[in-house]
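Each in structure tokens, the structures are laid out below.
Consider the two complexes below, in which chain A is the common component and chain B and chain C are the respective partners.
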Partner chain A sequence: MPAARVLYASLDLLDRQLRDRHGVECGNVDDLELTRHDDGRLYVTAILSGPGVLLYRLGRRRLGSWIQRAHRRTGFADDADHARVPIELASTISASIDLAIDRTDHASFAGERWVGDHIISHIPGNDHDADQ
Partner chain B sequence: MKKLLGVFLGVLSAIGGFVDIGDLVANAETGARFRMNLAWVVVVGVVGIIVYAEMAGRVAAVSGRPVFDLVRERLGPRFGLANLGASFFINFLTLTAEVAGVAIAISLLSSINYLFIVPAAAVLVWLVVWRMPFETMERIFGLLGLCLLVFAVTVWKIGPDWNQLLSGVVHPHVPSEENPFTYAYYGIALFGAAMTPYEVFFFSSGAVEDKWTVKDLGENRINVLLGFPPGGLLSLAIMACAHLVLAPANIGVGTLDQVSLPVALTLGKVGLAIVLIGIFAATFGAALETALSAGYVIAQYLGWTWGKHAAPRRATRFHLVIIITLAASTFFALSGVDPVKVTEYSIVLSAAALPLTYFPILVVANDPSYMGEHTNGRWLNAIASVYLVVLVAVALATIPLMIITKAGQ
Partner chain C sequence: MRISDLLASDVQDAGGTSLGQVRDVRVVQDGPVVGGVQAAFRVDALLVGRGTLGGRLGYHHGQVQGPWLLRMLLRRASRTVRTIEMTQIDRWDDEQRIVHLR
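Coming up: the complex of A and B.
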């Protein structure tokens, strides 16, 4: 077990911006997974984020988990839980939290992809980079 | 030299971009009804927006985090969501008023009914959001907005009794034909127009879009300190025009062309053309800012990829929100609502929602874990805290005053 950093989970982690390995926004910390270890302490083991997770945290348990399940089935081809990012993959924790993942692998990207495929890609000029 | 030119153009665009439909309507209305007796509110509002816009810009430059991101982090997701609902709704009203304002400015230039122009205006706004680089967009409409300086020229041309004009500013009183409630209500409208929350949503998100860092803090300060006070003077010139021309003739401000009437009467056709171009630029620029703000607040609350700097296919949901909001605003404007009434409600409700936006900024601007050594100084905190008390008082008074005065009648 690596030494844990002292952080106030609700202040320093919850609701922070997540960024992928390229520095692109990929959701907020909607909830945290806590695991009780043999020493009796609770450890943050994963960052939970994506459709339905925040609703679940805010007390809409059934609606929240229904959205998560529906989303897991429709959003990605595999069975993996894309809303769960193990805490080991968080490289920096400051004003935003940098994750060693690609945003396309994260649960919150399914909606982004759907809107891109079905709407934005049909509008001319959608790949025009305004800065260049 | 190039850097200096950049700063200079930035300040000029800040001046030209300061006024939007809320300022145009509120200043002309109060000038016509209360003469210069509410001018002090503009001064208070401008100082307030300077204090908080600088803070929002600094937070964005140092931490890379725009305002609505912080709203959820600091107020929590539940209260943050209520805040999002209120802010989004008010921003929607403002967007509707700005789009209608663009259409009215074009209709006054072309004599076509403005309702026919509304859809085209909305499409034009969307095209700029979709294709034009951020900085070009800010510059073009900010600089064109300087045409509104023609209001100042008008005041100068009329050649008023300056002592009398100033005495209203320095020794304000409630005019005999008004009562303290309407006076307070219009004061709040002016305050809401000067401190509109979308300005800081846009300002802080824009700082992130322009990739500001600690190195840009000086430019942030210069833009705000040199750009906003002349913008406030411009607001006062609009008020003075209405006071000098509309009040003696007993003309109230019920439509946007009455705002431009003093200029037309004093400077003739050329003046009218310039002021209409100015109104077009000011409302168009603000329509862009509010359309983008609709996308900013939702995307930042939910953590989506956002921003105009990337191609639309890389921030798809952000652009979808903007498209839907613009379409809804267009329908709302076409439904026959009175654009001036929509403007009034948007600025008064803005005033009621001010603490929701400014409180989280103040908290984060004092948090070293975001700001490092760039936290607020002691004096700035003192001023900002006084303002926060004022903001809360204004927010509490708004809805009761709205009921008592029947929305300012």
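Coming up: the complex of A and C.
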């Protein structure tokens, strides 16, 4: 039986580049969610990334939490936390971390989505591709 | 709870003496299978103390070996870093950010 993989959170996980299922960069690992299981042990359960998460990690906990809440309400139509990616969706962990999600479903895309929905969509001719 | 809460925590022994701050967290992928695809990452130990530069550059963990002069200097600087197994922890007050050892 092979030895279990050992990682150091600060060295091997935090601030690593995230890539979506198509290899497109979609943010960085800003924080990690820990959950205590029934056996009393702590497990890493999710990668946290997106507006406000890094601020929280850097000590601005109240401001970071507020930005995350505000962002959650404005960025996506549903109530899901798009800044949270379950750790089992991290298919590869190396110099970068490959995720089994689309970039458009991640919190870091919310700003671009909002601009598209509220500004670009109101500009005449917005349905043309950029190269046409 | 978040790993950043743990990383900023002060570690105190049973007598209340501070041993330093948590500088890194060692995780081991030997937990129960999640999502039917891979084993969960279990929080295994805390690295506590001063001399974090060697750890941040990978020298303390042995992942980076050279150049040898840098390795010697940074390993020497991180001699005070100690590894605290999770079994040694009595409780973690995440509001006060203090880890109490047994």
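Note that in this section the second predicted complex is superposed on the first by the 107 of 132 C-alpha atoms of A that agree within 3 Å, B and C clash if a C-alpha of one lies under 4 Å from a C-alpha of the other, contacts with A are read in each partner's own complex, and residues count from 1 in each chain.
To be clear about the criterion, contacts are C-beta pairs under 8 Å (C-beta built on N, C-alpha and C of every residue); 3 or more make two chains touch, one makes a residue touch a chain.
Keep in mind it's a predicted model, so treat the numbers as computed, not measured.
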Review point. Now for A:Cys26: first (chain B), second (chain C), both, or neither, which partner does it touch?
Key: first
Point to revise | chain B versus chain C as contact partner of A:Val85, first or second or both or neither | key: neither
Practice item. Using the touch definition from the top, say if A:Ser96 reaches chain B (first), chain C (second), both or neither. Key: first
Check your understanding: Does chain B (first) or chain C (second) touch A:Gln17, or do both, or does neither?
Key -> first
Check your understanding: Looking at the overlay, what does A:Ser108 touch: chain B (first), chain C (second), both, or neither?
Key -> first
Review point. For A:Leu48, is the partner it touches chain B (first), chain C (second), both, or none of the two (neither)?
Key: second
Practice item. Examine A:Ser121 and indicate which partner it touches, taking first as chain B and second as chain C; both and neither are also allowed. Key: first
Review point. Looking at the overlay, does A:Arg57 come into contact with chain B only (first), chain C only (second), both, or neither?
Key: both
Revision key, fill the gap. Chain B and chain C footprints on chain A meet at residues 57
Review point. In the complex of these two chains, what residues of chain A are touching chain C?
Key: 4-11, 13-14, 31-37, 41-45, 48, 56-57, 59, 86-89
Exercise for review: Mind listing the chain C positions that touch chain A in their complex?
Suggested key: 1-4, 6-8, 23-32, 34-35, 37-44, 47, 55-56, 58, 61, 63, 86
Practice item. In the complex, go through chain A and note every residue touching chain B. Key: 12, 15-18, 24-28, 30, 49, 54, 57-58, 94-96, 103, 108, 111-113, 115-116, 119-121, 123, 125-131
Exercise for review: Could you pull out which chain B residues touch chain A in their complex?
Suggested key: 63-65, 69, 72-73, 76-78, 80, 130-134, 299, 301-306, 308-314, 316-317, 319-320, 369-370
